[in-house]
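Several structures are given next for inspection.
After this come two complexes, each holding chain A, first together with chain B and then together with chain C.
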Partner chain A sequence: MRRRSSLPVTFVVPTLAILLVLSMVPTLYAIVIALQNRELSSASYSWVWFSNFIDLFLDRRFLNAVWVSVKWEVVTVVATMTVAIGLGVLMFEVASPRLRNVYCLLFIIPVLLPRVSAAFVWKFAYHPLYGIATYPYRLLTGGLIFDPLSKPATALFAVASVDVWQWGLFFAVIVLKLLETLPPQPIEAARLDHARRWQIHAYVTLPMLKAPLISLMFVKMIESLRSFDLIYVMTRGGPGVATETLDMYAFSQGFIESGKVSYASAMAVLMMIATVITFTMLWKRVQA
Partner chain B sequence: MRIGRLIGQAVLAIAGFLAVFPLLWTALNSLKNNVDIITRVPRVVFTPTLANISYILGRDSVLTGLYNSVVACGCAVLVGVVLGLPAAYAVARYPNRWAGDIQFFVLSLRFLPPVAVAIPLMVIWLQIGLYDTLPALIVTYSLLTISVIMWLAIPAFQAVPKEIEEAAFVDGYGAYSVFWRIALPVAARSLAGAVAFSFVLVWNEFLIALMLSSSNAKTLPIVASELSQQGMNVPWGILNASVVLLSLPPLLFLGVLSGFLNSVFRQKKT
Partner chain C sequence: MSAITCSHVDKAYGATSVIRDLNLSIEEHEFVVFLGPSGCGKSTLLRMLAGLEDISGGEVSIGGKVVNDLEPGDRGIAMVFQNYALYPHMTIFDNIAFGLRRQKVPAAEIGKRVGAVAATLGLEPYLGRKPTELSGGQQQRVAIARAMIKTPKVFLFDEPLSNLDAKLRNHMRVEIARLHQSLKTTTVYVTHDQLEAMTLADRIVLLRDGVIEQVGSPAEIYGRPGNLFVAGFIGTPNMNFIEVTPGRAEDGWTLTGAGTVLTIDGSGFDLRQGERAILGIRPPDLKTAGAGAGRNLLQGTADLIEFHGNDALVTFGSGGKEISALVPARECPALRAPVRYTFEDESVHLFDAASGVSLRRR
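Take a look at the complex of A and B:
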């Protein structure tokens, strides 16, 4: 009965066709634009083929942006997973079921906020004179000024902390739920063998959860690519170019500073190729 | 061991505090006059004012942004539901040899950097003459909502017990009415979570909206971010109020989404 129905075709084909058109048209067009020399200010353009790409590799600001993006990716993914596993295990160990529910609800709140909101909330909090997060420092040092967002050394970490605030707490909830799905017998067995609490988690529960934890990390790696909103609101890539990631640089080349749409698009195409290849390979490995 | 537990409890309590306090502080600041915000020592006691909130709600730009956000997100989610749910059901229940590839294709749309999509789309919409209009935004967001809803709804449909559907077939239901009358209602709770998630995702979207609008189609996040660029004299209270307004709609879904999380992991257990 199921086999002969027309349902799969009528349900899948239109949706996939629309998805294909909506995704392939901009993707291919991005490549086309990247091979031209379009600018926002003029309507005329010509084909310049790969010269945008060659310019990119000679552009030190672009190389800086690549480096900042890699740093951002590593810092946010590692910090998020550390916070998530730490808090998740802690909730599993010391919180009563009722407390767990309360924490789960609290920890989901930050991730639901628009990134723009989260960025503003923390931009105020990090304000050197009036911020609530810098207040303890002012109090302890008798009014010295600490401005994390305008120092090149700390700006990236200050912005990354907001990302971890959103995702680390949320993932802690997921780690807890994963721990709760484990069968109790191996934990009991380890306990009978006088394993310490941290040993149980390091050698029994976390290895059992290896596959879902890797998937979780994969999700975070993808979401970390979307750093633009936070950086745009909090630092605009500054101070200098200390927090200028690839999407921030592409945006400022294309729209703020010079309107070089083709140049920006060349950057976006490189990003797209890099992420699609990396994530496709990672995904196949995760699935295998 | 006792001390360890106590420290653990304390760390958790601090984390819980950190999770909500910044937001509560922002909400508190939105009720303050500027003098009470610009203080070196944070002020907890102050005379509250509704001036910021009424200023925000009285601004045309904010109201237009709110309207644009509601329409763009609402329509995109609707398109996502109409196109995404049936497709997800078909992939879940009529598996063929492309099912894995379809799922991967849908996921891979999430790999695309938003800039890479936004730049060409801007040029395209400019050429067609739809730049800075809501339809352009809705079409662009639909790509997001369809793929996310599909991705989350496939496991939700797979979790519906097959026996119920088989029984309905035996009772003479056709394939389409099994979808309408059985699968949809049974999976409704999880599906609501998926739909709510897609709404939060597009409501929070910033980069694409920033690139595809210049004046008419600005969504609320764009309007809120522009309020901060009013020169040296930053209207902190107003800014805080706009952050609160922007954050409220996603928080309304807190209950639905945490229920969704619970149901996802309960399925895994069994």
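Take a look at the complex of A and C:
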């Protein structure tokens, strides 16, 4: 009596096979290339095994890129979650249901913009002479020039602010909706228990939303890894290497400056390994 | 000082009025139950006392102090919710201690007080667990512990037993009654279960559509219902209502209706000749009549018999009217057998047919 239907297998297997090919082939190919010394300028190559990786660890620009990437990741994720929770709670506390809908609509618009468009909009907003974002500074200082994108100290934060503008506002809408799904009684019980407004959120609502908030954070962490387009448009990794993340550096090594695709692939492989390890560890920790 | 006074209290959501001009005073140490059908405004009224709903008009005072604009935490009350409303991410200890921590009570004292409350309610083994690891009854006990630990002036219960199964409900009801006996805290308890109301209350406030229908002790409400609604709402099985026309007789009054003529003394009632009235008799007040002629006979054919264990509810038709009698199970007739029931004068309730108000003399 083991006549199970073969229908599920029929549907699932081809899809999975295609997905497997699509995801695994480029990955494996990247690993293979990383072990060779291919360059865009010539067709000949040889196997150099791990020498690309050894070179990377001696490359100060690579180490800088690692540091910038870590900074970018931390700054964008922390700022996004802070803005999202802060704004979400604020809307939940202050805004009437109708006003909430209006805010939600407004806050979703930035994330709907293509990254490149958002980057161009803000690049112009940060323009030292004409930008609207630098206008208050010019007004207050009587016309002094402030160019956040060309100062190493501020460039990363200026670019990160665009990322937060897109994702923080969007996540604020999600946080608001999450708060709205909570049962009202524990909140009421907390009010009876002498909790102030902020204490209700700090001790009751946000801990109740721990699991979805952590999921949101993971989504943002993964999203923050794909910041290439934003940085490329706004600073191209500059000034100097102040905003050169790993993907920026890999791109410039592979295609712009020297065409060292194997070197760039080695970077990509390292990034992949680091990401997999980090996320696995974080995930395990969160689940514990 | 923990008396509660509501004077001319109104509640409206937009144009919809939920509670209209409600006046009520609750004495210190009293156990008052708000009873009524769903949507009668009893929970809203409780939430207004708690400060979880705004008061649209009128004044609420607790312990002689007007609390209309006070935050819920500052009213000296504690509330137990229907669905327990525990903080799901905290341990039982933290749940109970939450209020004290917000009031910055020293940790040592918190530990001592939580221990004492947990001992009273038998929660000691569970202090380290999360609410989801507890049964419904235990969770409700935690909710009561969380309310108790604040030593409030007033306890508010919002249908606390509705989510429990029947057996547990009885058990918890007894626990709440005991708790009130020992703590003597003024208590307001909302329920739609009349058994809970009857067994727990010092006084019952019966509400309908945001208006108080009757306030009184359980015995008063059951024995002397003020109007048709109260008479029909209180008592299981429901009171029989028979439309009758009163007429003068030499030794009292005759009541004609349901295909029969009944004779009562009627001296306790404001009856008027020919003015239609509603006769109310509770099913347990109908007694099996012996053979032969008798006074005040209601007879018909038993067409439905519900066995309750000790008793049986016999429903029969008399003059086109369904009447129920609750008789001892051993007197239970066979289905479709002719039945004859009678009643005592004292068990009669009479209401004005037009207004529904009781005709009983005050």
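The definition used in the following text is that the second predicted complex is superposed on the first by the 276 of 288 C-alpha atoms of A that agree within 3 Å, B and C clash if a C-alpha of one lies under 4 Å from a C-alpha of the other, contacts with A are read in each partner's own complex, and residues count from 1 in each chain.
Definition applied: a contact is a pair of C-beta atoms (placed from the backbone, for glycine too) under 8 Å apart; a residue touches a chain by one contact, two chains touch by 3 or more.
In this text, all values refer to a predicted model and were calculated from it rather than measured experimentally.
Trainee: Let me test your reading of the model: by the given contact rule, A:173 touches which partner, first (chain B), second (chain C), both or neither?
Mentor: The first partner, chain B, only.
Trainee: Does the superposition put A:72 against chain B (first), chain C (second), both, or neither?
Mentor: neither
Trainee: For A:263, is the partner it touches chain B (first), chain C (second), both, or none of the two (neither)?
Mentor: A:263: touches no partner chain.
Trainee: Of the two partner chains, chain B (first) and chain C (second), which one does A:112 touch, if any: first, second, both, or neither?
Mentor: In the superposition, A:112 contacts chain B only.
Trainee: Between chain B and chain C, which makes contact with more of the residues in chain A?
Mentor: B
Trainee: Between chain B (first) and chain C (second), which does A:210 come into contact with in this model arrangement: first, second, both, or neither?
Mentor: second
Trainee: For A:92 in the superposed arrangement: first (chain B), second (chain C), both or neither?
Mentor: Neither: A:92 stays clear of chain B and chain C.
Trainee: Taking the superposition on A as described, I'd like to know which of chain B and chain C A:62 touches: first, second, both or neither.
Mentor: So A:62 meets neither chain B nor chain C here.
Trainee: Which of the two partners, first being chain B and second being chain C, lies in contact with A:126: first, second, both, or neither?
Mentor: Once the two structures are laid over each other on A, A:126 reaches no partner at all.
Trainee: Same chain A residues contacting chain B and chain C, which ones?
Mentor: The answer is that chain A has no such residue.
Trainee: Which residues, counting only chain C, touch chain A once they are in their complex?
Mentor: Contacts found on chain C: 50-52, 71-73, 77-79, 81, 83-90, 98-99, 102-103, 146, 150.
Trainee: Inside the complex, what are the residues of chain A that reach chain C?
Mentor: Residue list for chain A touching chain C: 183, 185-186, 188-196, 199, 203-204, 207-208, 210.
Trainee: Can you list the chain A residues touching chain B in their complex?
Mentor: By the definition above, chain A touches chain B via 1-2, 5-8, 10-12, 14-16, 18-19, 22-23, 25-27, 29-30, 32-33, 38, 87, 90-91, 93-95, 99, 102-110, 112-117, 120-125, 129-130, 132-133, 135, 138-139, 143, 165, 169, 172-174, 177-178, 180-181, 197, 222, 225-226, 228-229, 232-233, 246-247, 250-251, 254-255, 261, 264-265, 267-269, 271-272, 275-276, 279-280, 283.
Trainee: Using the touch definition from the top, list the residues of chain B that touch chain A in their complex.
Mentor: Contact set of chain B toward chain A: 4-5, 8-9, 11-12, 15-16, 18-20, 22-23, 25-26, 29, 37-42, 83-84, 86-87, 89-91, 93-94, 96, 102, 104-117, 119-124, 139-140, 142-143, 146-147, 150, 169, 174-176, 179, 200, 203-204, 206-207, 210-211, 221, 224-225, 228, 236, 239-240, 243, 246-247, 250-251, 253-254, 257-258, 261-262, 265, 268-269.
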